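There are structures below to look over.
Shared chain: chain A. Partners: chain B in the first complex, chain C in the second.
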Partner chain A sequence: MKRLRLLRWSDTVLSPRTRPRTIISPQCQCRRWQSATHQPFLREAHSSKDVQGQVPDTLSEEHLLRLPSPPIQAASSSAKLAALHARLQLPSRLPLQVLARTLVDPSADPSPQFNNNPFSILGNDFLGYYTSEYIICRYPRLPLAVVFAAMYAYVGPKALAAITREWGVEAAAHPGGEVDPGYLQFRRVAPESDMGSKPSALISPMPDASSGWKRRGISSRTVHDDEFGDVRQSAKDKEASSTAIEGVTEEKASTNFVRALTGALYLHSGRAAVKSFFREHFMSRQLNIASLFNFRHPQRDLSRLCAREGFQSPVARIVSETGRKSRHPVFVIGVFSGHEKLGEGAGSSLDEARTCAAVAALKGWYLYSPTELRVPSEMEEPGARKWDRLLVDPGDIVV
Partner chain B sequence: MPVQGIRTVATNQNGLGAFIVQCKRLDLHYCDWYGSSRGMNSFLTSELLPRLSRMHPQVSIHISPRPNKHPVLRAHYINGREKAVCVRNLEKEQIMQKCELLVQSQGGKNRKIRGRNVLSENESVRGIWSPFHGGIKDV
Partner chain C sequence: MQSTRDASSGLPWTERIRRKMWGSDNPPGLKDPYGGPGYFERRRQEAQAERGRGQIPTEPTIVEHEPALPEPGLPEMSTLEEESAQNTEHSHAQDMMRSRSVPENDPEKEDLTYVQAETWNGLEQVGLSGHWSETPPTPADSFRPYLAAFEKASSWKEILSALHQAVVEVVTLRDSRLPLTYSLGHIAYKPDVLAALSTTTIEFDYHSKQIVLKYKDGGRRLMVEAILGDDLQRSISPYEPVAETTYAEVPALEANGDTTFTAPDQESQELRSQEADFPGQDIEYDGTHTFVATKEEMNNGNGDQYKNNIEDLPPQKRTAYTVTSADFITMPLEPLELRFAVIKRASQLTGHRIPDPLITARQSLSSIYSYLGRDRDSPPKKVADRLLIKPDVINLPNVHIMPRRETPVDKDKRLGRWKIIEAELHSKGLPVLGKSRV
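So, the complex of A and B:
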């Protein structure tokens, strides 16, 4: 397989020094340098010529106040930024200037050459890909609604905002050129502005009445929705909302920052660094997948599942009981398919115990996990073993 | 309706993958005039301060005067709390120890470790004991 050419892919965001000299365009006459550059390339490219546009190392205060985000020179002298770089144990190949750029939200600096938007698009793809392949390979039989919930728990906006807080990143009160580049810079939402509807706490597989067009069900979400099962914003809506709303919430800005850092790490340090970064900072978080299920009719689901898989239809039988006529009866009920016990539950009434048993049986099926965990991205590493086929469930049951 | 997914957030386990040092900022306050600052002033001019910042690059160190007051170390933590230690009349080596103490602290309130149960997030290998299974005695 041909190796990926990082340098060619990332021309727009990498240092101009890595490009051949001939590509350097006359746009370097501009007063603001790209945040992603190591050194201002005015001096390098035009060292022989006389350049009137030489910008001094320290900019005047009124110049700083006019800039929407901190200038590139400020990054190397910021203690906060260097401390953040060391705290996250980022590789030294990721320069401080780029780290400073990942902290600039598009709401603070609309220019895509200076904000973190290009990085965050790339980083979002990496986070989504690595998380989804981990979840699907680890639990190949999870229903899609639970896969979406697990994705949300690992790399959803709330999780990324929590990660930003746990990394010790502070938000600036207002973005500007004079602000320390170690702060997260974004324009805040004006008070009492309409934030839209709150996302629901449950991911429902049924068609949503609020969405304008008819959606068939959960399977269409893999195509039409984003990685968390939410309706994807169309480009038109995005433009309308960006003109209508000036600022963003801290959660949104933090989300963009974490994604942008992942993307920048890939561009500067390569895939292996991103993968270990992902493993250490995201996969090390604790999530109990079994707690993400919300069953409405577990017994019906179980009988549908048994019918699909060709098992005998499930029958609930009392395994043991105590104190039926007392104030605290306890029933232990097992769900059997033929002679196989699928699950067992205990409860203070027969109905409760039977429901518990059906839930236990369903979770036993859905939470199957192969002993050896291999993910497709392992094959990108040199010297990887031959890929074996992976079991993935045919899909959700239809009720 | 088939199964629904519940939205939660995975919890942090600092140190299981990456370890984030919880101290993010250390303020050193000194006074040029007070005698209690003698150790602090010699600490600031000695090679101990560069050594401290080399050993802990993840902490930003801020030095500022605090005239006519005792010298103080103040550490700020990721959880939003701060801890202050008065270092009056201490030698520079003792101040270094205090700095180490603050930098390595978690930032929470001091709690007794003895007598607390150790709780694990992982399931036990043996499973949870159930009163309804195995060896039920008839009374």
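So, the complex of A and C:
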């Protein structure tokens, strides 16, 4: 398998001036350098010829105000940016200029050469891949809806916005060339504008009228929808929304920033740095997977599950009880499949205790976790052990 | 007796001791470890060669210039005394006598044309005749210490601007591929050059790992022309002679695409030649007095002018300007030649001597800056100046030192909020910053 030449890619993508002279595109002649390296020293002969109508060497305040985002030179002198770089313990191979670029949202600077959109796309794929493989390998029997919910909890927009706040990244009031590059820069939504927000269809099995009936199956989300089970926005919708709404929310901009930082980290420091970054900043967050379940008919689900797995039909038996005739009785009921107790629940009534027992039995099945956690991305490392196939549950229980 | 046996071998006493000490007939070291022939011996041999008598001057050997070997049987102590006496009483006359006496011992090599001198008239003279003050001065005698060009810098602002000026000048010379010490003769600049100098920002290129300059509106051209074109001012620096090929080099550089400054045209050269017709006149640039001496004055060999130049030229008052960013102090100055040129020029501009260990102590100018300000009467009053002399603070990347107080407007500008506030105030016709527009 050929090794990926990430450094070369990052150089060619981000540092056009480092390429051989013959293949430098005319785009590089512009004065807004988007490279990760410092702005090359312009020879006077070149700068004096085209100085008319062009950007002068020293950027004045008037010129800075005309720029949509801070110039690349400002990154090296920003104390805020250096502090962020040190606070996140980012590797020194990730230059400050690139970190500054990850803080520029597409709503602030529409040019893809200066905003974080390319990094964001790459970083989103990495975050989705590493999170999903972790969740699936850790809990191979989770229903897909819970997988989506866990993904949302780990790397969803709200989680990434919270991470951005925890990192101490502050947002600028308005983007511009004079803004300190250490601030998150995006164009805010106008207060009176209607976001057209609708409640997220996350986990909801109910069909969405806008997307059509056939698209809302939980299995079809795996194929057609994004990593959170949401409907992927089509290109037409994106254009329509971008023209209708100028600006984004802070949550959206924070999401783009975290994703872009992950992508930039991969381009400049490689896979190992991204994995350790992901482990330290995302997997270190505590998430109670058991709280993500929402059963409607747990007893019916349990009987279906037992039928599917070939177990005996579940039977609820009273394990113990107290105060049946009192005001506060407590029943402890166990659900048994043959002689095996699948789960146990306590409640103030027999129905409640039986439901709790069924829920406990279902969670015990779904939250199975293998003793040794191995993820597929480990195989990318040199000298990895042979991969043992992981048994993932065949699918949800269809009632 | 041992001395008798050794004396018969023809070896001098010192050589015998040497061999005894080393225990070998071929002791290591120089053939003659005691200095060889003296000045007069060598000069006598040269004179013999010049006279060209057909005799090949004999190589001075140890035997020839050693005192006569002691007679066999004499004690060694007497030999020692004799030798020391000869060394102490080594005078010119004795040497001449000895040099004359050598051919007498060798009748075959005797100079037949030799006439013994009765008086000193006509004899070749060695050394200075008369008093040294009566000798006319030469160009090499004119010395002007480069530290005497300017008055001593007395404020932090002057020190900082001097360091800034030194870096800008030397890096400009480096980029123009000119000698780095070329700017040492410049005392005063014109106001436009001074403005270009003060607006030039110094940045560090992490890609090429060297300092680069950002000029404003053709500042580089002004700078190079000021350094190269001011021939008259340069001439006050006799220790840094102007290269004759200065203007010839410039078009070559320009043709290579390295520079854009133009070579001084004919008109400006004529103007310079006209200025050179009036030696010693003062030229005023914005109140700054500059002593001007021409190259003809320096080269016509009249010693009075050198003396006058040295004595009459007072230290100039340097025009200090405000440096916007002091970040350049922490930037590494590499290679050592560049750093040395910058420090030499900074030493000249500030009028302070800088000790040698400081030049190689750090790659940046931070230690120089703190050293130059060490003996200020009072510590700097501004907090920024106090912090700037602490290298451990200014080297921190997450610390930004502002030269003035940070106002709410600065915070709003950093946040991008100020332009919106300003636009809103303008639209409502309200004064910005609490002052109504006139």
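One rule holds for everything that comes next: the second predicted complex is superposed on the first by the 351 of 399 C-alpha atoms of A that agree within 3 Å, B and C clash if a C-alpha of one lies under 4 Å from a C-alpha of the other, contacts with A are read in each partner's own complex, and residues count from 1 in each chain.
As a working rule, a residue touches a chain if its C-beta (ideal position, glycine included) is under 8 Å from a C-beta of that chain, and two chains touch if they have at least 3 such contacts.
Because the structure is a prediction, the values reported are computed rather than measured.
Visitor: Could you look at A:330 and tell me whether it touches chain B, chain C, both or neither (first, second, both, neither)?
Guide: first
Visitor: Which of the two partners, first being chain B and second being chain C, lies in contact with A:65: first, second, both, or neither?
Guide: Second partner only, chain C.
Visitor: Looking at A:375 after the superposition, I want to know if it touches chain B, chain C, both of them or none. Which is it: first, second, both, neither?
Guide: Touch partners of A:375: none, neither chain B nor chain C.
Visitor: Chain B or chain C: which reaches more residues on chain A?
Guide: B
Visitor: Counting only touches as set out at the top, which of chain B and chain C does A:179 meet: first, second, both, neither?
Guide: second
Visitor: In the overlay, answer first, second, both or neither for which of chain B and chain C A:280 touches.
Guide: Once the two structures are laid over each other on A, A:280 reaches chain B alone.
Visitor: Touching A:79 in the superposition: chain B (first), chain C (second), both, neither?
Guide: both
Visitor: Is A:292 touching the first partner chain B, the second partner chain C, both, or neither of them?
Guide: First partner only.
Visitor: Jot down the residues of chain A that show up as touching in both complexes, chain B in one and chain C in the other.
Guide: 79-80, 82-83, 86
Visitor: Can you list the chain B residues touching chain A in their complex?
Guide: 1-14, 16-18, 20-22, 24-25, 57-62, 78, 121, 130, 132-133, 136
Visitor: Spell out the residues on chain A that touch chain C in their complex, using ranges where they run on.
Guide: Chain A reaches chain C through residues 17, 37-41, 43-45, 48, 51, 56-58, 65, 73, 76-80, 82-83, 86, 95, 172-176, 178-180, 183, 185.
Visitor: Please name which positions on chain A make contact with chain B in the complex.
Guide: Within the complex, chain A touches chain B at residues 79-80, 82-84, 86-89, 143, 145-150, 152-154, 156, 158-159, 162-163, 165-168, 199-206, 218, 229, 279-281, 283-288, 291-297, 301, 319-320, 322, 330, 332, 346, 362, 366, 396-397, 399.
Visitor: So in the complex, the part of chain C that touches chain A is made up of which residues?
Guide: Per the touch definition, chain C meets chain A at residues 199, 201, 203-208, 212, 214-218, 220-221, 254, 257-261, 327, 397-400, 412-420.
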